[in-house]
Every structure is written in C-alpha cells, then in structure tokens.
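Presented sequentially are two complexes of chain A, the first with chain B as partner and the second with chain C.
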Partner chain A sequence: MIRTSTPLRGILAACLLGGWSATTRAQDPAADFRQNCMSCHTIGGGRLTGPDLKNVDQRKDRDWLTRFIMDPRAVIDSGDPYAQELLKDARNAVMPTLPGMTRARATALLDLIGAESKLEKSQFAGVQISDRPFTPEDIERGRLMFLGRVPLARGGPSCIACHTTNGVGALGGGTLAPDLTTVFERYEGRKTLSTWLTAPATPTMQAVFRQAPLESDEILALVAYFQSTLQRSPDDVATSRLNFVLLGLGGTIVVLGLFDVIWRGRLKSVRRMLVHRNGSENTHG
Partner chain B sequence: MMTIGDNLLDLFLFAVTPYIALTVFFLGTIIRYRKYGFSYSSLSSQFLENRHHFWGLIPFHYGILTVFLGHLIGFLVPRDLLWWNSHPLRLYIFEVSGLVAAMLTIVGLVSMIMRRLTDPKIRVVTSTADWILLGILTLEIVSGTFVAIFHSWGSSWFASTASPYLRSIFTLSPDITFMVAMPWLVKFHIVGAFVILAAFPFTRLVHILVVPNQYLWRKPQVVRWYGKKAFLHKAV
Partner chain C sequence: MNVRSQISMVFHLDKCIGCHTCSIACKNIWTDRKGAEYMWWNNVETKPGTGYPTRWEDQDQYHGGWEVHKGKLRLRSTGKGKIVTNIFHNPFMPTMDDYYEPWTYKYEDLFNAPEGTDQPTARPVSMVTGEHMDVEAGPNWDDDLGGSPVYAANDKNLDGLSEEQRQQLFAVERLVFFYFPRICNHCLNPSCVAACPSGALYKRGEDGIVLLDQKRCRAWRSCVAACPYKKTFFNWSTGKSEKCILCYPRLETGQAPACFHSCVGRIRYLGVVLYDADRLEEVAKLPDDKLIEGQRSLILDPNDPEVIEAARANGVHDSVIESAQRSPVYKFVKVWKIALPPHIEYRTLPMLFYVPPMSPVMANRQDGTVESVSDNFFHDIEQARVPMKFLANLFGAGGEGKVVYALKKQKAVRTYRRALTVGDISMETAEKMLAEADCTKEEADAIYHLTSLCTFDDRFVIPPMHREEAIEMMREPSEHKTAVGFGFIEPPKRGF
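This part shows the complex of A and B:
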C-alpha cells in the first residue's frame, strides 16, 4: 500500500547508524570500569569472580591484555596457557565481551587500572563486609529484604522478582532466575557469597545492580537468610506454577461469565429482536 | 557463554530493530493518514455476523487493554509498581490479574480466528493483512503468557530490566545489557512487540489511533426499523 520513498530510506539508514553509534560511543573510563568491570574485579581489594587487577600490567604485557579485553573467549579458545589458568581460577566463568568494546576503550581502561594501582586505596577496592556471627534479627531482615517488604537502600529490586526460596508464599517467588534455597552451599559459604553479592557477576544481575549496588549490611542480612534457608529443601516449582495457571483460568471463566451477564441484552438483541418481530408479523400476515 | 555472533545478534535485535520499527511506525502512520485518511479504521464485520463476534471482540479488547495498561505501568512508573509488589500477596494479585487478562485476550483471539475461518461471509472481508496481523498477535500474546507462567514474576523484573532498557531506547542511547542474558522466550516477546509496531501502519491496528472515545459519553442512538416490512424482504 505504501511505497518506501527515498527520504524514508534515508531516515531508516540514519536510524540504523544511530542505533550502532549510540551503543559504541566513547565514555569516561572510570564510569566504564564502574559499570562494566567492578562486578567481577577490584583494584587492590582481592579477587571477586575475576582476579584483583592491581598492577595487572606487571603480570602480562599491554598487547596481551588488550587482546583479552577485546575478546576474552577468543584468547581462551586459542589455548593460551595463562588464559586457561584465569579460567580455572574463575571456576570456568568466562569474561563476557562487552558490547562496543574497541582498542581505544580497552587502552583507556588499562590506563585507568595503571593509575588506580599506584594509589594507596583505589576507588575500586570493593566493599568490606563484617564477619560477626549472624543473629535471628539478621535472618529476619534478610527474609524481608528478599520479599521486598524492606526496600533495598539504593533502590535495587528485591530478590523475589526473579528468584524463589523455600517458603516464600503461596505462589512462590520468581522463576526467571535460579532458586536460591541452597545458594549458600553452591557458593561455598559466607565469604564467597558475600563477595559475589558486592558486585553480582551474572549479566542480568550486573545490569540491574551496577547502578544500585547492595550495601554491606544488606549483604550480611541476605547471606544470613540464605544460610537459614539451607536447612530446608527447595519448594516444588511445578505446584506453584500450576496453582498460578489455575487461578488465571478460574478468573478468566468468572470474567467471561460476567461479560455474558453484562452484555446479554445490549449487543445481542437489538437487531435480532427487530428481525424476529418483523419475521413473526410476516408469518401472521 | 556469549560469543561475538550472539552479541551482534543482540545488538541488532535490541539496538537496531526498535529504531527501524519506530521509523516505520511514524512514517507509515503519517503517510497513510495523509494519503489514505479514510482507511483509518477497523472495518466492522458485526453486521455480517454478531453471535460469535461478541466472544471475540469483548474478551479480546478488555484483555489486551488491561495487559497493555500493565506494561505501561511497568514502563512509566516502575518504582510505584515495585512498591505495590513489595508484599507477596499484592504481587500475586497483580500477576493473577495480568494472567486473567492475557487468557481473556487468547479466548478473544481464538474466537476471532475461528469466526473468520468458518463464516464464509466474514472470510470474504478478511484481507491478507488481517491474517498476518492475527498471526503475529497470536505469537505475541501466547509468548507473553508463557513468559508470565514460566519466567515469573514479570511485573517485578520488567520494572527493573525491561523498563530501563525501553527508556534507553527513547533517550537514544540503547543499553542492551539488560536484555542479553534474558531467556529466548522473553527476547522473542520483546522483538515481537517491535514487529507489531512496524506492522501497525499497514494493518487495521491503525484504528487504535482513531478510537471513537466519545462513544463512552455520547447519547445512545435509537435503532428503528425503516418502513414497514419491505426492507426485510429485499435484504433476504
């Protein structure tokens, strides 16, 4: 019906280019590090999922580091022994290739890491979490934060949006992401789990929490809660899901019934009644 | 994990496709309005058949409008939605209401498709564009319902992932990091929305832009039989 005119094609092309350039544009290296690296690396704060990057350029040369930042998977797949070692240390978590990474951006990041390494305490040294024993109050606070009853200080979403644990509620928690009932065990206890939560490393968690990181007291409470859920076995997700679907079906039937009652006289009758009346008059006549 | 290929595909699907869709949507709707203004409607087939019509029209429209409103709330006021969802019971109320609306939409859509397939008069007035539209709407609504069931709780995670992603589209700095690790069903549903947006100007969806809202408050119109019996004889 509508033909693509030349100006339309021009605008389409401009939009395509706009889409690309917007994702690949240059940015401040400190902001870049904060958004994209900090969830797995510290500078002088010990290892998280990835290694501590303090003085990283003394461990490997610039060229190797740049190649690795630009495409970690390719360096690992090439069989490079140092990359294999990194992979083992990170328990097989492969560093993702950042969208729009360029040589210039990698160089800027390496310059930043070099400069931060020289400082006594880098702004990227990570969060320190207390190792005091957990109290029942910690567990309860962690549970309420998981459910969203106690909001997270920096405005991050509560865990229940995507995760569940045993005993969340009638329909369970979210199923977008893994069940966290036994996460304490899977992450090998308090220290690793706490460190992980300071800067969550999975792509979605990273995207959501990079601008709204958890505070150290929140991490403590959540870890306390996850330790407490360990004593229970995970809920049966299939049952919660079935209940949800059944509630939906029940509601649908009720609403369809309501529609039938509300509109019985309005939509169905006017014309048909007239036709019917006229028809019956006809047969009499 | 991720490879370069995946990355490029995600970049295309979530940073390029939305702009293509928006461009086609705006240019298409404007050009169609200027050139074929009188085609701006959804031709009614109620006159040809109005028994099954009700079970398509009513559940579909109430369902889809409710579902759309839910998405709009998540997009416009994500913080308030998260606040509402901060008690599991309230979260369940929101989610079950959404699921009911989605199921009503499916009931309506299935009735509409069956009606257009089985009634010969309706079949004649159904264009190819109508069939294509019914197809993509079905894919979109069924995928959305499956997301709600298998990747819960969408109302909460939408507010903290899809919402900032969609905002980044409108501020012309698309941030696809929220999307790259989403399950394929979620990706399919989002890309489906862009496809519908692009298809908008070429289908009867344009009626959304010219909804006769005054129907809600105008005075009722009385339908009267014209003449004595003559009309019926001729009509039949």
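This part shows the complex of A and C:
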C-alpha cells in the first residue's frame, strides 16, 4: 500500500490539475492548423486530400462547419448531401475526428481560416509545384532519389526502403509497401499525385513524412520518374523474387563452406589420431 | 587475512588397487541417466596412459586452465574476444570419441534368437544412437596396459623424458603402471567458474564445493573447455553441463561422498582446511616452481589463535574450525608434506591432493642371485621403475624435489616399521633414514596409523555443514524443509 502525506498529496493533485488545464487550454490556432490540418488542406493552394479551405465559410454556414469539424463521420453518416460530395472528391478518405476537439477550438480554427482567406498569399498555401514539362534530367534525378543515391533534402527515407518499381535492379526494391510502377496511373496523373505527395495521407507515410516533408522540386522529379516507369514494360516480379532467394541460398552455401574450411579440424578426435598414427607407424616399420 | 573453509581431499595412490568401485558407486548414484551415459564424474586412469578424455593433460590441444599474461591471470580457452569468434563452435573441446561412445549390449538377443547352430551373442549397441557399434575405446580402455603403444606411449607426462628412458619404460622387465583416480578437484581458483558466460557455476561459500546451477546453464560449454582436468561434462539430453558435486547431499547429512565411502583400498581422505582467500591471485600467479609451496602457504594452521579469530570473524562456525583441527588432509598436505596437487601448473589451485605412489624397485642382480636389499635405500627411489621426471610432471609442476621428498618419507616410514616389526633392518638404519627424510619417530607413527590403521572416522572428518545457516539467508528454514525432497522438483530441460 502506498501512503502519502497530506502535503505531498496536495502537490500531486496540483500537478495533475495543472497538466489537465494545460491540455485543455485553447492553443494557438495557427499552430493547431499547422499540426492537424495542413497534411490534408491548404488555404488558397489547391486541394490535397481534402479541399482547399480558402473562403470555406462562403460555401457553408458556420454552424454546419463547426459540426463537421467536431465530428466529420457523424455528418457524413447522417446522409448530408454536401458531405457526401466531399467524400467523393476526397476519394472516400474520411476526415479524422481530432482528439480533444471542442466548439471553442473549432471556432478559433474557422476564424483563422477566414482571416487567412483574405490575405493574398496565406502562410498555409502549401507547397507549390511547377507545371513545366518533365525533362530527362528530372526523370534521372527522380530515379536516383527513389533509389536513395540522392538523399532527400529534409532527411526523409528514400522510397526503395519500402517500395519497388520496375528497373531498380535484379533483386527489386522493398516489399513492405505497394509496387509503385503504375502509381502515376492509379493516382490519375501528375496533378493529384503531386498534391498527394506534398502531404502523404496514409498512416505510415504520414507518420514518416510529417516530420520530413518532400520539397516541391523533389516531388516534381519523383512524379517525373513515376511517369517514366509507366512507359517502360513492367518487370517480372517473380524473377526478382527468385533472384533474391537464389542469392540468399548461394550466400549461405559460400559462408558455410568458409566455416568448413576455417574450422576444418573441428571433428578430428585426439584419440583416433593417436590410433591412426600408431597404425601407420606399424605398417611402415 | 580472509579466512574461509574448504572441503579438501587426499588420495593415497600407494593404496589404490584400481578396482573402479568408486567409479561404479558414483555412476549408480549420479550419472545413470539419459545424456549422462558417457560421464564418469569419478574415473580411474592407468598411468602411464592418455586418460579420460584422451590426453586431457595436453593443454596445447584443449587450452584448459590459466596462464600468466603480462602479469595477469588469463583463461587459456576463452576471453572477451575469443568468446565472440567461438560462439557457435569452440575448437578446444573433446569430441565424443575422446570420451568414448557409451554402449550396452543387446542382452535380449541371448534369449530371443531363433534356434540355430551358433551360440547367440549379445552385440554391443550405442547408448547414444541405439545402433549396433564396434567398440573401439572406453573411459579406461588402457586399463592395466602399462606398455600399450597407443595409450601409454602417448601420456603427456612422458614429455621431457629422454628417448632412452621412454624405451626402457616399455621394456618388459621394466613395465610399470599405477592408478590415478580422479574426481573434480573443487579448485580454489576454478577456471570453469571463471569461463561460464551465464554465471551458472559457483563455488559454495561455506565449504568451497564447486557447483553448476542447472537452471542458469545455457549450454555454452565454456566450462568443459576451460577445466584443464576435463571434469565438467555436457549432458546432450538436458542441454546442461554437469559435474561432480562432491555428494553434497551426503556431506550435509554427515556421510562421506559415495566414491570415498565405497573405496576398497581406503585410499581416500576428506577433511576441511582453512585458507586465506586474500592471497589466491598472488599465489596463482607464482612461477611454476613456487606454486606448490605457494598453495601450501594458503592453507592456514587451524590451531593458530590468530587464524581462529579471523575465521570466526568471517562467520566460520566453531564446529568447522574444530573439524579443521582434526583434518587428515591438513596433516598430509601441510604437516607431513607428502600429498601433492595434480598439475598445479594449470593454476586452478586444485584442492584434491595425491600421495605419490611407490613403485617396485629394480632388483639388483649380484652373482646370479637377486638382491632386494641395498645399503642405500634412497638410491632405490631414483632407481624406481617409474621415472622421477614422470611423477614430477604429474605432481610437481615439473620439479622433482617435492615428489622425491614425499617418496623418501614414505620409504623411511616403511623401513622404520619394518625395523620395528620384522627386525631384519637395524633400528639404527631406520632412524638414519627417518632423519634424512625429515621425519621423526612420532611423525612416522602418525603417518603409519593414518595410512594403514585408519578407521572411517580417521579418514573422513566431515564438518557439520550448517545448511540451516546458509538457507536462512534465502528463505525461512521451516518453509524450506517442506519444499525439498528426493528427485528433481523441476527437472532440467533445454532452453531458457
């Protein structure tokens, strides 16, 4: 049993309450937006996973917006037609309910979005990606970044750690995540793929790239590369897997053989050698 | 001074008849189990011979024991670097063939064979594979084969003998052998304990018995490689190493270990000695020729008031101190100096001592008649069939002095007793020999009594083990009493 003296308990209670109040205290809405919204939304930078929020309060009223922020799933499930439309635009990605969201916090966020919408260029406009045509240099640079030969500027992991695509060598790339050979096609072209890469929205990618986002020229190069992989004939995945297994087997045999040579005396018994030596002496002498 | 107590032993080789009763007694109690078939915690070797496992004394082969490296003691078999490179295979281990493949006979064939013109035979079958096997070697294959060209000729202790001496050793009229029974030496500086990466081996504080915790053993087998006497064994069935436990459950109930108890020749002595643990490292680092003297200096006089006081301060019970004062081991090793440690050059400071054996003298032939008496008796020791160098390699770390001293004293006691009882040697000669052998009449009588007329209680002075005091440190003794009993409460098994 743990017994604490009364003053100690008082201090503990104060600490707990202090901690509680710190978490519920309204935080700076700009920081809140940066931390929780920016991975899917821009203000005046075009749509990412979610729609561009510039002048969102002109599209829907305050009350509806607040309700949606506080519990997006509930609004969608209620069959609200505008919410259904949003869901379709977002390719069925449901906006997550943010933990600890309150009416006050939602209001603060909406105020921030209203204020930022009036600015010519919002701080939340997101990454701007050039529309210029791809050059062979872009493709090559994208390939090198995919393979990890050119590191990503913010220190993110290179694609090949988890993904593969065609033309990355006989052994293929990573197998943890999907093959990216046809990703350009699957994401319906340059615009959506670029947008998606500015703030990857899958749980794994989001966790990894929130801390180290891709820069706009990197996205351009990677998208150029993914477009180029689409044009090449796809690799035979089975062959690269077979190569991998064969290399493993071959390597094991080589290493075992090496062990066998280094420790070749390991099965020699002392006694047998004595008997053998004596036998051969007798036959020769 | 850090006084501790240690159960110590003396084997009187002059009395050993090589009957292997000790080995069988041990086998029946401890190693008649699956995975332990090949183990002989107690074995008897014929010397000269290669022993069990084959040539265990050849540390260039097995890398057992300690060496002094840059003024520090270092294990020969393992170390921080070596343990990594040898993690999957330790190259200094005896193979199954070096011990022997244990076998039994298919006795049921004698009864179940179909009728025929031949006698049915019981073929040997391996106790490891269960298949028929051709028996090529055993734990004492060279038993009584003094001149065998494979085994006797390859005894490591013959190193340093001239080619002529070696040849003579195998001439029929000079053939000689003696027996060398071996158990774990329960060393003061055990290399098996030092080598264990799991900390499974430990030296029991209260009595110095070296034990192996079956729960903590992780099958590294470092102890097998590190023990220069090859007295830890790996059980292939349980995946744990095992070793002689000096029958501690018997000692705790006041009985001598099984091999001691059953010894037909009554060659075994057991008693407690007090030693100074502070000087262990210093002594273990001494040069080879100083080691025996150094180890003797570790063993303290149990009658010295200063030693008694220090022992009490260290928690050694009065009854143990009293037992140490009556210890036969103390007399053999420290007072009479006729018991010597085996291969102390391995620097583990073994606490099992051997009285070196007398061997038949070469008869003098004079005018066609065989003379067995000469004027210079001690001359006969140098003329003994076993070359002094051989015994010195075994018991003297290469130096002959201590071995000759022990043999001279034994010879003088024999002569003195002969002068006393038979009377064909003059007492004057006997007294002269005693004086030359650094022995008094009283000492000679004492040696004679403890050698020839010793009773159970003379040979085995077992101290009260005071387990209750040791148990008290870990759990309530009354609770412990209800939680122990026969058999394994938790049998050892593979894995963690």
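Observations on the model:
Going forward, the second predicted complex is superposed on the first by the 197 of 285 C-alpha atoms of A that agree within 3 Å, B and C clash if a C-alpha of one lies under 4 Å from a C-alpha of the other, contacts with A are read in each partner's own complex, and residues count from 1 in each chain.
Criterion: a contact is a pair of C-beta atoms (placed from the backbone, for glycine too) under 8 Å apart; a residue touches a chain by one contact, two chains touch by 3 or more.
None of these values were measured; they are calculated from a predicted model.
Applying the stated contact rule after C-alpha superposition, one finds that A:Leu147 touches chain B and leaves chain C untouched. Touch criterion not met for A:Leu119: it reaches neither chain B nor chain C.
Here chain B and chain C are compared by how many residues of chain A each touches, and B touches more. Of the two partner chains, both chain B and chain C are touched by A:Trp263.
Residue contacts after overlaying the shared chain place A:Ala104 against neither chain B nor chain C. Once chain A of one complex is fitted onto chain A of the other, the partner contacts of A:Leu246 are absent, as it touches neither chain B nor chain C. Using the contact criterion defined above for the overlaid structures, shared-chain residue A:Pro203 touches chain B, although it does not reach chain C.
Touched by chain B in one complex and by chain C in the other are residues 259, 263, 267-268, 270-272, 274-275, 278 of chain A. On the side of chain A, the complex with chain C involves touching residues 259, 263, 265-272, 274-275, 278. Considering their complex, residues 1-4, 7, 10-11, 15-16, 18-20, 22-24, 27-28, 31-32, 35-36, 50-51, 54, 58-59, 62, 79, 82-83, 85-89, 91-92, 95-97, 99-100, 102-104, 107, 149-154, 156-157, 159-161, 172-178, 180-183, 186, 201-202, 223, 225, 229, 232 of chain B touch chain A.
Every residue of chain C that touches chain A in the complex is listed here, in rising order: 50, 53-55, 58, 61, 89, 91, 94-98, 136-137, 149-151, 153-154. Those residues of chain A whose C-beta lies close enough to touch chain B in the complex are 1-2, 8, 11-12, 15-16, 18-20, 22-23, 25, 71, 73-74, 93-94, 96-97, 99, 147-149, 151, 155-158, 160-162, 168-176, 202-204, 206-208, 241, 244-245, 247-249, 251-252, 255-256, 259, 263, 267-268, 270-272, 274-275, 278-279, 281-282, 285.
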